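Alright, structures below, take your time with them.
Paired with subunit B in one complex and with subunit C in the other, subunit A is shared by the two complexes that follow.
Presenting the complex of A and B:
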């Protein structure tokens, strides 16, 4: 599996199984989020705390997922650090997504 | 100062990009780039190789993307070569030349028409010290340069 998912309250947390979120995994992320939403999981957290490398294709898939979910009230990114955090900042996507330090904070932000 | 040099060649499939990214990252550790610069160099190279596969070759498999890495005491120069379609001049103008500033679209908040891509060249420009592009005899070359923080004898 390219991604692991788990339920925390009414939120589905998606974590890439390996440390790269790149052009190979991007379409799979988009597909997974579309399936989750179709199955009635309307709140999504993308946990990138284990991701050490993310390119603009990975970011594009996150944006696509955000649109599928319906906006930043229902999707958060948690655990972005280093290069991954830089990528969000450089593209100004940190102003678009609900950004959280960790899973717990992300779940709280989506509940409010 | 002489540059140490290695050339890596991958096939034009996205599955191969991580290989060249990891190799460039590991090889850059032989330079005096710091960890943050190495990460940024890897991202810039991956964006450039992705662009070659997506735009120059239109995702057609079976072509080659060549990554030429030259490491000196003061800088690292990476040139990404492909033999596909050349970059249109409008794209080249966003990354090359003194007047080119990274016009990263300023986005403040969510909208349903957010871009899902188009950041590649702007990221390369933002992440590196110098970028140039040339196209000659069917061979396209995107060259990115990093200046090292301090001089280190390799």
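Presenting the complex of A and C:
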């Protein structure tokens, strides 16, 4: 599996199993989120705490996922650090997504 | 068994055995064909396309063995099945016949039933062999077509890559400003693209883009953007300059317009990071919008230090309705401005280390010792060495450098109007 998913309350947390979120995983992430939403899971947290490198395709997939879910009220990014955090800042995507330090904070932010 | 009777060649000197074999084969729906000796047999095999030979091995001479050997050496891909019949029936005789190239061995006097069973088993093998040959032919044909197509595709890509190279501007002096660069596509075609040109007497416009991914789709997107901005084609830069209240608005409006086009259309599937800006060649004042592209670096010649410019920004075509901003600052005579794609800072060394921004800043400090006309050779040297010389780059690398050579002294202050 390219991604692990787990349910926390009414939120689905998606974690890439790989340390790189790039062109290889990007289409799979889009597909997975589309499936989750189709199954009625419409609050998603993308947990990138294990991701060390994310390229433009990875970022594109995260934004595509955000559009599928509906908006920043329904999707959060948690655990971004290092190069991944830099990429979100550079592209101002930290202002587009709900950003959280960890899973618990992300779940609280999506619930409120 | 096929509808038409399968021809079987009989090489047999003894008349009575010949007649016996002819009758046996005919009554079992085979078509017997006769040959007197090995030489005649071989020419009949070739002319009639014979697949099965019944060959008598006389104890007196070894003509049958010679025939076996010649069939094996002369018939190549087209397999001929040989059954040797002989009055010798000991193990040594069987081994000798098989070694000469026989497929099967029947002892004389021939038992009709046994021979028929062996002929039927041989015809199964012949049929399988023919299927294999025909499948092989189909595969060879398909493989040839694929490799022809692949060669053509490679040629096309190389041509396209040359064309893309031709779209890039030459390193050159543009009114008090010298522009130079390094460009390394990861594949034949790059998603990175840049250009610089004068849009008025004293305004040098420039842009760098990096389309998500790299390869054909990315390259086509970068062609589209180039087509829109280039003054000799769509000329969005000039139009926006004419229709905006000032340079800052013209820069912002150009990027905003591109974002509208690329984020609202179903046709564009890739987004891109970009820096678009202008240098006033009379004053050294730079106005630029940073849309998700790495932070420009200014080299301050009088203080011998580097400075990161900008506050980031949303890439073009990723979201509709984005509000862009611009950063403005001055270049003094001798200062340089560096723009680069993330392929530069994320360039990997053979032992898995990234180049990263601090190392680039350090290099920029050292590169100042080299005349701007020659500095691209330094870029090449540094990145070839970092990459381990021979291997292809994992991402497109584009690194552009402007040196301002203004005559009057300007203030080096950086005003930031960005968000």
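Following the convention adopted for this analysis, the second predicted complex is superposed on the first by the 112 of 112 C-alpha atoms of A that agree within 3 Å, B and C clash if a C-alpha of one lies under 4 Å from a C-alpha of the other, contacts with A are read in each partner's own complex, and residues count from 1 in each chain.
Keep this in mind: a contact is a pair of C-beta atoms (placed from the backbone, for glycine too) under 8 Å apart; a residue touches a chain by one contact, two chains touch by 3 or more.
Fair warning: this is a prediction, and the values are worked out from it, not measured in the lab.
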item: Superposed partners subunit B and subunit C on subunit A - clash or fit; value: clash
item: Partner chain in contact with A:32 - subunit B first, subunit C second, else both or neither; value: neither
item: First (subunit B), second (subunit C), both or neither touched by A:89; value: second
item: Dominant toucher of subunit A (residue count), subunit B or subunit C; value: B
item: Partner chain in contact with A:57 - subunit B first, subunit C second, else both or neither; value: both
item: Partner chain in contact with A:20 - subunit B first, subunit C second, else both or neither; value: first
item: Partner chain in contact with A:45 - subunit B first, subunit C second, else both or neither; value: neither
item: Segment of subunit C intruding into subunit B (one of 74-82, 92-100, 182-190 or 236-244); value: 182-190
item: Interface residues of subunit A shared between complexes with subunit B and subunit C; value: 23, 53, 55-57, 59-60, 63, 90-93, 96
item: Residue ranges of subunit B in contact with subunit A within the complex; value: 14-15, 17-18, 21, 36, 39-40, 42-43, 46-47, 50, 54, 104-110, 112, 114-117, 119-120, 122-123, 126-127
item: Of subunit A, residues touching subunit B in the complex; value: 20, 22-24, 53, 55-57, 59-61, 63-64, 66-67, 71-72, 82-83, 86-87, 90-93, 95-96
item: Contacting residues of subunit A [partner subunit C, same complex]; value: 23, 53, 55-57, 59-60, 63, 89-93, 96
item: Residue ranges of subunit C in contact with subunit A within the complex; value: 210, 212-213, 270-271, 273, 292, 294-295, 312-315, 318-319, 342, 346, 395
